[in-house]
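Chain IDs A, B, C, D and E follow the sequence of writing; residue 1 opens each chain.
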Amino acid sequence: MAEAVLAIRDLCKSFGALRATENVSIDLVPGEIHALIGPNGAGKSTLIHQIAGTLKPDSGEIEFLGKPVSHIGAAERARMGLGRSFQVSSLAPEFSALRNVMLAVQSRQGTSFRFFKPVMRDAALVEPAMEALERAGLKDRARVPAAELSHGERRQLEIAIALALGSRAFLLDEPMAGMGPEGSKTLTSFLDGLRREAPILLVEHDMDAVFALADRISVLVYGRVIATGTVEEIRSDPEVRRAYLGGAE
Amino acid sequence: MKLLEIAGLETFYGASQALFGVDLDVAEGEVVALMGRNGMGKTTTIRSILAMTPARAGKVRLGGREIQAMRPHRIARLGIGLVPEGRRCFPNLTVAENLLAAARSGRWNLAEINRLFPRLEERRDQMARTLSGGEQQMLAIGRALMTNPRLLILDEATEGLAPVIRNDIWAVIRVLKAEGQSILIVDKTLSELLPSADRCVVLEKGATVWSGRPGELTPSLQDRYLGV
Amino acid sequence: MSRETAINVVLALLLLAVPFIAMQLGKPFYVTLATRMAILGLAAIGLNIALGLGGLVSFGHAAFFGIGGYAAGILASHAFSGQPLDFGLFAVPGSKLMPVIWAVAIVAGGLLAAAIGSISLRTSGVYFIMITLAFAQMTYYFAISWPAYGGEDGLSITIRNTFPGVNTLVPQNYFLICYALLVVGLVLFALLRDSRFGAALQASRQNEVRVASVGIAPFRIKLVAFVISGMITGLAGALYADLNRFVSPSMLSWHMSGEFIVLIILGGVGRLCGPLAGAMLFVMLEYILGGLTERWQFFLGLLLLGVVLFARGGLIGLLAGRARHG
Amino acid sequence: MQTALFIEQILNGLQLGVMLFLMAAGLTLIFGVMGLINLAHGSLYMVGAFACAAVAGATGSFWLGLAASLAAAAAAGALVEILVIRRLYERDHLDQVLATFALILIFSEGTRWLFGSFPLYLDIPPLLQGTVPIPGGSRYQLYRLAIISVGVAVAVGLFLLISRTRLGMRIRAGESDREMIGALGVDIRTLYTVVFALGAALAGLAGAMVGALQSVQVGMGEPVLILAFVVIVIGGIGSIKGALVGALLVGLTDTMGRILLPQLFGVFMDPSRAGLVGGAVASMLIYIVMAVILAVRPRGLFAAKG
Amino acid sequence: EPVKIGMITTLSGGGAGLGIDARDGFMLALKNAGDAASEIEVVTEDDGQKPELAVQIADKMIQSDQVDILTGIIWSNLAMAVVPSAVAQGKFYLSVNAGPSPLAGSQCNENYFNVAYQNDNFHEAMGQYANQDYQKTFILAPNYPAGTDALTGFKRFYKGELTGEVYTQLGQTDYAAEIAQIRASGADSVFMFLPGGMGIAFTKQYAQSGVDIPLMGPGFSFSQDVLGAIGDAALGVKNSGSWAKDLDNEANAKFVETFQAEYGRLPSVYAAQAYDTANLIVAAAGKASVKDADAFRAALKEADFDSVRGKFSFNTNNHPIQDIYVREVIKEGDVLTNKIVSTAFTDHKDAYAAECSLQ
């Protein structure tokens, strides 16, 4: 197996008496989609938050691109190439889709402390941003304020932003949520292609998508990884069926 | 007897029109599925029923009474319970307080909801904002049931739920249906929705384009209207 | 030219025209009013960078305004008395030269903003409002009870400071100086707003988490914005001191901070000419109503209320519609 | 300092704190719970004081005046809510700032219009005049003890109202999502009018009670308003408990600072200078305390975490 | 010869009472002067007690209204903002109330006349008076220049011991802590300078606290405009002033009577000082044209008018030489007012005249 892009070791996090993350070790290797599934409240989003740096773990190590990142902030991790989407879309609502993406481009290019050149006339910003929007299928909506986008379009925009960051790994928290069948199909094939650029840690409740996409699946229950394996292994794991999949799948 | 009747609903967001003539009705004890692709106006229809975004034209009747000129809380009190898109639990209230804040007496009470969603019982004194996504969804359903509505409206009530829970919720919906609860439901999971519904109404570009029994919604129609 | 740009140009020209019309009409005092509008407008432009672009509702900008004012007053008084300012280790002479005074006011405003900002920006929302107020109140009480420069009685600048090649005692000349600085402020604001920095700043206002998650640290962005904001307001303070030929703690009072906020809301938050429009309207109202009735504050209140209730987005919002972000 | 004096000063600090709390309670109720920045809260305090002084002056009864102050402030509050505030809930905080700033001007000048420019007279009711013995051998003013007890009663009452009653839940629910609580069948509009009137009545009560201690005059609300804001920010916005703790902290800090700082500076300065410097630092003290607290706990002492 | 006067005073906000009294007193004098004042025109504007606004109004009156004389300011800090630049522009300024020390000393000006008092005067008088009966005095004032000046003024003449010297916060409204200190200090008397609402609050709380150490203060804190608000708490308090309603002279009798007839209330010291100011202008205008600055200045300096304070003249620094009385708050019917009980100084001058370059 190739060298892991992202490696998490023995991560722990409690909220009071509640152990939201308990000795979690997971890794993400180039080219893969690693799905993280588990019941509601299992601690998936909490884990994503810790990896992204918006929540501080109680103990454990996070390594990204071979470097420990536990001590550095969210912004710096993002600049290193850790792209993420939020479970609930998180955008700059007054900015157009384009300007939302341009913000990521600007960050990737280095400094935000440039005071005089107008961004909208800066091809170095606009062009890569348009490209990312196009790849995410939002080119037509580039000038629409994020607040006026429909639910599905906002999810696409989150992806576009992560693309524009030139991310070396993606953390996607329920990107399919709220998408209709059509949107899910498009997004599934899009993610399928995206993994070649950078591996994806995918949190998702849409099992059709997970089974279609995942190279590996880890199952999180009550903060602990109870199983990791291929689609087939997980599908047939009786423990997983009981705790998560239930009768249907 | 029709519980809810909607005719020719037209609704605007500011200057932009979102609904161009929605017709829909729900009979007493009936489960009606409101369907359509992303952005076709399902949520807007629901908002207009409750006058959260009042319609500019058209009529809404609840139990024979015209309600489109009323304020939302009056309409809600006439017997509509809403599970809104995006959950919208009250973040600074505990689980129990969320359930109690708008409760009205009837079949559903705290004990019943706890039986339905044991997870909520475990979390009863936790602030809603610290709940996981799925927990919040359960809370939103419980909160709507606590108002003991004549008509329950569910907008994407199973979004973001684990399959087991989703199954539970569908089971709950079927129980409610069996008890004769009238329900208007929006959901993406057709495999569950179609068997549960008595009737389907399909919206496209803000207007009703098809309605009929679930069995009549053929794969070709599904492809045309829902993109399946 | 967009509608808003047109309105901005008209506003700026209108203000420029006031002194000339005033002299024609034989109402020299209107020059002073116009100067006051320009200075308050500039101070509010400073605040608008923090408040309008960055969403940092500072209720303590009077501190920067006042420190700029005191920079002018103190330097002038030392120049007047011939005694150098004693900093213990070294001493510097006072000055009556406006460019020197401005530079000192800008630096002082910036330093104070850096100090206040680095603590205040840890908080947000209403807490930010109050902690900035707290710092301003500290400077206010300090100035009141500090006897060296007059305390509550303030400090007068007997003769207005000088500018090379210009007779600043002529009101029109002083107006033009202030007007030129106002225009510089406007240009700076426009550039800043459209720049990368401005994009990051405005995004921080809308969604800080989002900004951090694309790799931009919002704290530093906001701090720099706050410092720039304090520098501009400090400069305006120095101009104001020279206009009144007087500085006093009332420049540091919370009423002053409140007035800046009012100017911005009145004109249009985050809009290029919002502060200017607000300042022009407010000074005019104050003057006209004040001349009509002793109960002018009552009617001023009613008018302001009318503006909030019926003109969303302030004057500029009313005239030019909602702002759009590319 | 002798024990008796020390105890007396502690009581003074408590009393000042409770006085601030009465003002802050209404403010935090409106401000935290309804999400509204009400700069005009000080005006409602003034309305209460004027109503009390006017009615007490006309009838000779402080108690009638007190009732009048509650009624007048509540009525003014309800009126303001219905005519102005109601249109601003969905707006930016800044619009609320401007509108309530305008209300200050209207209230101040309006009051002066009605009552003239000279301060009014209001005194402690005979029932509460005089002093009672306190531990340490000194005596303490009965009226001030009464203020302390009213403050404590209000604190307990409000705390129970907000945290234990369904009304309290609805108010808090409405704060985070007005539309949703309406869609669940709660008439949030009327509810908010009631809450606003309640907050106003508390301010009016504070004004009336404090009016007997100081001068009933136009503008009396402004300094208290700022202090009340300091209090609720220290305590954590929206928290009645925070307002109480914050108020007591501010009251004690201010009182003890005024007394002790000059003595402290007196150790190494002549008394006159120590008085000046100590007094100057004392006037900044609560702001320093607030800045320190917020620097360490950016959301106050008792803010709901989030 | 027409004379145009610009009156800048406080007519709105908390301090409006003082400004209104001053304006009313001033206008009454012009009315009483009849024909002698027929060519005097007054423009009045409200400064809202804000220095910036006062400066703006002064500029306007000088530039647009082209007034010859400015007057009316109540507060020292506003006077400091307006006076230096107004007199630098060659206008006359006549103070109806404020008398900050720089304007009496280092920054005095030939065109600045103070018809009221130098700020320290009333405090000095109280210090002088305290020597008669007291040895241990507790003194307090707000922490700002007028406050420190007040206590300095008091100490300048007081020879006894100080049991405490406290500087309170400007705008403070609760004095329980200071009163407790006073009680514990063992003082035999208290001198306080707390203007406006602060004084009302202090005096009420002092009376309510049951501390029975005698209280003294300058006249401002017990002048007619605030006595009503303090109530019986003020009874018996000794305070200093250059004027009282019962001063026995013809001008005063007329003033008090006509003021009451015209406005339905008793006049305060502010009204009296403004009344004198207006009469001074009327008298000077009768002697010289205001356009002839030197002549008019000389006419002002003569102070040839019937002062409600009895005798009145100007010192070298254009500040008053006058008697200062000790008054006591009494009740006449159910109205509180002041009665003169003794004279603290005769022909008192301020302490700053020596620093003034005018001779």
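The rule we apply is simple: contacts are C-beta pairs under 8 Å (C-beta built on N, C-alpha and C of every residue); 3 or more make two chains touch, one makes a residue touch a chain.
Quick caveat: nothing in here was measured; it's all calculated off a predicted structure.
Chemist: Hopping along touching chains only, can you work out the least number of steps from subunit B to subunit E?
Modeler: The least step count works out to 2.
Chemist: According to the touch definition, list the chains common to the neighbour sets of subunit C and subunit D.
Modeler: E
Chemist: Using C-alpha centroids, which chain lies at the maximum separation from subunit C?
Modeler: Taking each chain's C-alpha mean as its centre, the farthest from subunit C is B.
Chemist: Which pair, A-B or A-C, has more C-beta contacts?
Modeler: When A-C is set beside A-B, the one with more contacts is A-C.
Chemist: CA centre of subunit C versus CA centre of subunit E: separation in Å?
Modeler: 36
Chemist: In whole angstrom, how far does the Cα centroid of subunit B sit from the Cα centroid of subunit D?
Modeler: 44
Chemist: Per the centroid of Cα atoms for each chain, what is the distance between subunit A and subunit D, given in Å?
Modeler: 48
Chemist: Could you list which residues of subunit A touch at least two other chains?
Modeler: Within subunit A, no residue touches at least two other chains.
Chemist: Provide the list of subunit C residues touching at least two other chains, using ranges where the numbers run on.
Modeler: 141, 144-145, 147, 295, 297
Chemist: Among all residues of subunit B, which ones touch two or more of the remaining chains?
Modeler: Subunit B, residues with two or more chain partners: not present.
Chemist: Show me, using the given definition of touch, all chain pairs that touch one another.
Modeler: According to the stated criterion, the contacting chain pairs are A-B, A-C, B-D, C-D, C-E, D-E.
Chemist: Applying the document's contact rule, which stretches of subunit D touch subunit B when the two form their complex?
Modeler: Counting only subunit D, the residues touching subunit B are 166, 169-170, 172-173, 175-177, 179-189, 304, 306.
Chemist: Which positions of subunit D touch subunit C when the two form their complex?
Modeler: 31, 37, 84, 87-88, 91-95, 97-99, 101-106, 108-110, 112-113, 226, 229-230, 233, 237, 276, 279-280, 283-284, 287-288, 290-291, 294-295, 298-300
Chemist: So in the complex, the part of subunit A that touches subunit B is made up of which residues?
Modeler: Listed in rising order, the residues of subunit A that touch subunit B are 15, 37-42, 45, 87-88, 150-153, 174, 177-183, 185, 205, 207, 243-249.
Chemist: Applying the document's contact rule, which stretches of subunit E touch subunit C when the two form their complex?
Modeler: By the definition above, subunit E touches subunit C via 11-13, 45-46, 48, 50-53, 55-56, 59-60, 63-64, 76-77, 80-81, 84-85, 88, 100, 102, 143-146, 148, 167, 169-170.
Chemist: What residues on subunit A touch subunit C, complex-wise?
Modeler: 52, 54, 73-79, 84, 86, 90-96, 98-100, 102-104, 106-108, 111-120, 122, 125, 143, 145, 161, 165
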